[in-house]
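The two complexes that follow have subunit A in common; it is paired with subunit B in the first and with subunit C in the second.
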Partner chain A sequence: MPDPIISIQGVSKYFGDFMAVEDITIDIEPGEIFALLGPSGCGKSTLLRMIAGFEDPSEGRVLIGGEDMTGVPANKRPVNMVFQSYAVFPHMTVSQNVAYGLKMDGLPKAEIKEKVAEALEQVHLSQFAARLPDQLSGGQRQRVALARALAKRPRVLLLDEPLSALDAKLRDAMRLELVKLQESVGVSFVMVTHDQSEALAMADRVAVLKDGKLMQLADPMTLYQKPANRFVADFIGRVNFFDVTQSTKGSAEIIAGPLGALTLPAPVTGTGEHVLALRPEYIRLSPAKEGGLTGTLGDVGFQGDSSIVEVTLEGGKQVQALAGPEDTTMLLSLGTGAAVALSIDLSQARLLPA
Partner chain B sequence: MEHYRQNLRAFAAFFVPSAGWLLVFFVVPLAIIFVYSVSETISLTEIKTTWTFENYARLLEPEILTLFWRSLWLAGISTVICLCVGYPVALVIATAPAKVKPWLLLLIILPFWTNLLIRTYALLNILGTRGRLNGLLEWIWTQGDRALTFIGLGAYDLIGEDFEPITFLGRWSGVIIGLVYVHLPFAILPIYASLEKLDRSYLEASLDLGAGQWRTFRSILLPMTMAGVMTAAIITFIPMLGSFLTPALLGRGQVDMIANVIERQFKGANELPFGSAMSLFLLYVTFIILAIQSFAASRGSRRGIK
Partner chain C sequence: MAKRKKPAPFDYARKWPLRLTFLLTTLFLYAPIVVLVIFSFNNSRRGGNVIWRGFTTDYYVKAWNNAGLVEAFVNSLAIAVISTVFAVFLGAITAVTLWRFRFPFKPAYEGLVALPIVIPEICLGVAIAVLFSTLGLYVPPGAPWPFNLTNIIIAHITFSFPFAAMVIRTRLNTFNREMEEAAKDLGASEYRVFRDILLPHMKPGLIAGALLAFTLSLDDFVITFFTSGPDTVTFPVKVYSMVRFSVTPEINAASTVLILITLVVTAIAMRFQTFEDPR
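Right, the complex of A and B next:
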């Protein structure tokens, strides 16, 4: 494994008594897109700002390219940031904005000009070089901020909620464009987001944070399929939770809960109170027949290619199932209130600490 | 606002009193002054309106030009000092912790609760040759003298044989100190307001791009708060130009500004027409300054600086 480009080592941050970030250790690899994901107020921005040098860690340290950044001011760090509000200087033209950081490096005029042109080319803004920021759309302004940061050839580009100020359609287009841009320039991106689908779609690896603590660090697939705890399972995608009690009987794991007594194929450790997490796509619905697990059909939330179906189990527990196009037609013809049978793919269930 | 036509009476209820007030206490007096400014003093008690421009022509007399020039540079220098002192103070307030901020602002507007006349008399007390300021300077001089004696240089009178108090009163230095003192809050507040409005992330972006603190101040902070600085300049310069009390008391009749001479025309010299012409001239200058400012502001807002 290559040396990490950024190494966050046991970093904590207090604001007075309040602990915004708590003992976080993360290594970020060169060339990856790394996402910091979590609900509002979980400390993602604070962590990013400690990498950029706008906040000092209360404990721990940040290394960039193997060098300890403690005491190094923001203007001396080899990283650049795209701000949530973009912070494109309103009194400078697009090209002056991009040139600003290069001037600070003391580059000769001709080289600055060349690099500005190149950076604007990269974000498709060449024809807007002479415009002032208030003559640009939100998406264009964001690209100015990107070009301005990338022109400095940072070792890592930091992005704070890069897409949150854009409308839904543009946001989707920019996701792809950002990933392409990252591939072409090759620098690592560290991006903050509270949007799980954004993190899953763009990032190579994701750190999920809650109340300043690291809940799980993994690639998107693992986060989705093998969440480490209830919070991650709930935060990422849709999920059904079943409170269960586990007892070990021989080698098979017998679980008692609202689904009845089940035997999990995957080995699990420990006994006692647990929660079983099951994604809606692993619950298949069919017209009720004798025996097996049954429930009452509730709302069918049609989404075009599939639907999210509510089912109430006999004990009153509500679950969500994902139905494909054919099943949707079948379920709609049954109508709300009909009895349905549930078949569960237990191999995809996760047993998590309660 | 377009609905006022539909509700004429309600509109009139608001409009008539305020318009009447402006008419009686502003437009009419101004008209009278204007008529005076084109009149002639015939005898000690009689003034005749002859639509002459003689009074305006007299503004070009060398001693009047000197007076205008002196007023302009006194107000100009004082304005520059107000801005140079006011900007850092505004910056300190704007970056102060949220709890301290209201108290600092209170300190800035506190002087307004005391009458200007009383504050100016207080300044007389401070700036006099035996005033507090010279008292402080004398104390510093004495300490310095002692220190020099102590290290064996006492015999050379390096800082003078005796302490010589500095004269402020009746000099332009005293008038400038007074003008700055009186108008400083007016400079601080608009600059503070523009700093407060500024999004911090612009400054962080500048640092992030490799600029130092000083460079960030020069290239980002100052240009982006220029509107506040301009406002501060205007609302200190204009009243300074027409200020009366400060030069009258601190200048002791030796550092007259326009308003002092105008007052003399009306009171002593029985030169109402000439005094009126001077007053109106001052008004014209003010208009010109405001016109320049609004022109600059509209250009600024086109460049995205609000």
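Right, the complex of A and C next:
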């Protein structure tokens, strides 16, 4: 494995009594897109700002390219940032904005010109070089911010909520474009986001944070399929939770809960209170027949290619199921209030500590 | 049923009460100035603001040849320019300090800076005069121009810099702090951030503050009256002493020129101010 480009070692940050970041250790590999994901106030932005040099860790240290960054101010670090508000300088033209960082490095004029042209080319803004930022759209301003940061050839590009200020359609397009841009320039991207779908779609690896603590660090597939705890399962995608009591009987695991007695194929350790996490796509609905698990059909949330269906189990527990196009037609013809049978793919269920 | 229409921007002019108010307020605001300007061209010997006796520009020539009046006029402009430079400089430093830093008793300090704005001018005038005489801080008579105006200039800076500070402070509140971080992130030092990012953002505030300080200084009578000596007369003080005998079209003429200068300065400042805000 190559040496990490950024190494966050036991970093904590307090603001007075408030613990913003708590003992986090993360290595970021060269050339990857790494996402810091979590709800607002989870410490992800503080962590990013500690990499950039706008905050100092209260404990621990940050290494960039193997060098300890403790005491190195933001303007001397080999990383550059794209800010949430883009922070494009309004009194400078697009090319002056992009040139600013190079000018600060004291590069000769000819070289600056060359690099600015190249950076603008990369983000498809060449024909806007002479414009002022207020003559640009939000998406174009973001490209200026990107070009400005990339022109400095940083070891790592930091992105703070890069897509949050764009409208939905542009956001989807920009996701793909950012990934393509990263592939072409080859530097690592570290992005902060509160949008799990953004993190799943773009990142090679994701760190999920909550209350300043690292909840799980994994690739998107693992996060979705094998969440380490209830928070991650809930935060990433849709999920149903069932409170279950587990007892060990021989080698099979028997669980009592609203689903009745079940045998889980996955190995489980210990006994006691647990939650069973089950994604909606592993619950299949069909017209009610004798026996088995049944429930009452609720709302069918039609989404075009699929539907999110609410079902109330006997005993009042509500669950969500994902129905394909054919099942949707069938369920809509049954109508709200109809009795439906649930078949559950238990091999895809995860048993997590309560 | 009549179709309801959204009022067009100039619809108010069709409603007579609004039209009347508009007319009256405009009249109220500009009648004195219009009369002043018209009668500066009145061809009458004395008490020239009563009966129109034909058009003449004689009084402009006369005002130009009135050495005392011209001297007062030049004094006023010099005091205004010099005190504006200092007021904006001090105001900017004060505004940035208040905006940027946290320190003990900051709210008290903020209040203290703004206090001269609400203190009655007459009190401030007396206070400054008393201070100067207590400390013996008088420029000796016969000092070379414009150093003979030092006392008035100091007094003018005192009352105009809080205004400049307030205006600049307000402008700073609209600054996006990420802009500063972005510049630093790109390698700028603290000084470069100030020069390249903060100062351009402050520019409209600096211009507005300067304009305010300039006009405040130009037409100040009360405080100037307490700090001026026999050889340091400003335009308002001079006009006051001339009016005590009679209002001649000469004063009208000089005032018209002053209005013109103010308008030109304002227009220039407005042109500089066409700097777009960041969104």
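Simple rule for what comes next: the second predicted complex is superposed on the first by the 354 of 354 C-alpha atoms of A that agree within 3 Å, B and C clash if a C-alpha of one lies under 4 Å from a C-alpha of the other, contacts with A are read in each partner's own complex, and residues count from 1 in each chain.
FYI, contacts are C-beta pairs under 8 Å (C-beta built on N, C-alpha and C of every residue); 3 or more make two chains touch, one makes a residue touch a chain.
What you are looking at is a predicted structure, and each value in this text was computed from that prediction instead of being measured.
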Message: Please determine, from the superposition on subunit A, whether subunit B and subunit C clash or fit.
response: clash
Query: In the superposed arrangement, which partner chain does A:L132 touch: subunit B (first), subunit C (second), both, or neither?
result: both
Field: Touched partner set for A:T329, first subunit B, second subunit C, both or neither
entry: neither
Message: Quick check on the superposed pair: does A:G101 touch subunit B, subunit C, both, or neither? Answer first, second, both or neither.
response: both
- request: Check the residue A:Q303 against both partner chains and state whether it touches subunit B (first), subunit C (second), both, or neither.
  value: neither
Task: Starting from the residues of subunit A touching subunit B, keep only those that also touch subunit C in the other complex, and list them.
output: 52-54, 73-76, 80-81, 83-85, 87, 89-91, 100-101, 104-105, 132-134, 148-149, 152
Message: Looking at the complex, which residues from subunit A come into contact with subunit B?
response: 52-54, 73-76, 80-81, 83-85, 87, 89-91, 100-101, 104-105, 132-134, 148-149, 152
Message: Using the touch definition from the top, list the residues of subunit A that touch subunit C in their complex.
response: 52-54, 73-76, 80-81, 83-85, 87-91, 100-101, 104-105, 132-134, 145, 148-149, 152
Query: Which residues of subunit B touch subunit A in their complex?
result: 199, 201-202, 204-212, 215, 219-220, 223-224, 303-305
Field: In the complex, subunit C residues that touch subunit A
entry: 176, 178-179, 181-189, 192, 196-197, 200-201, 275-279
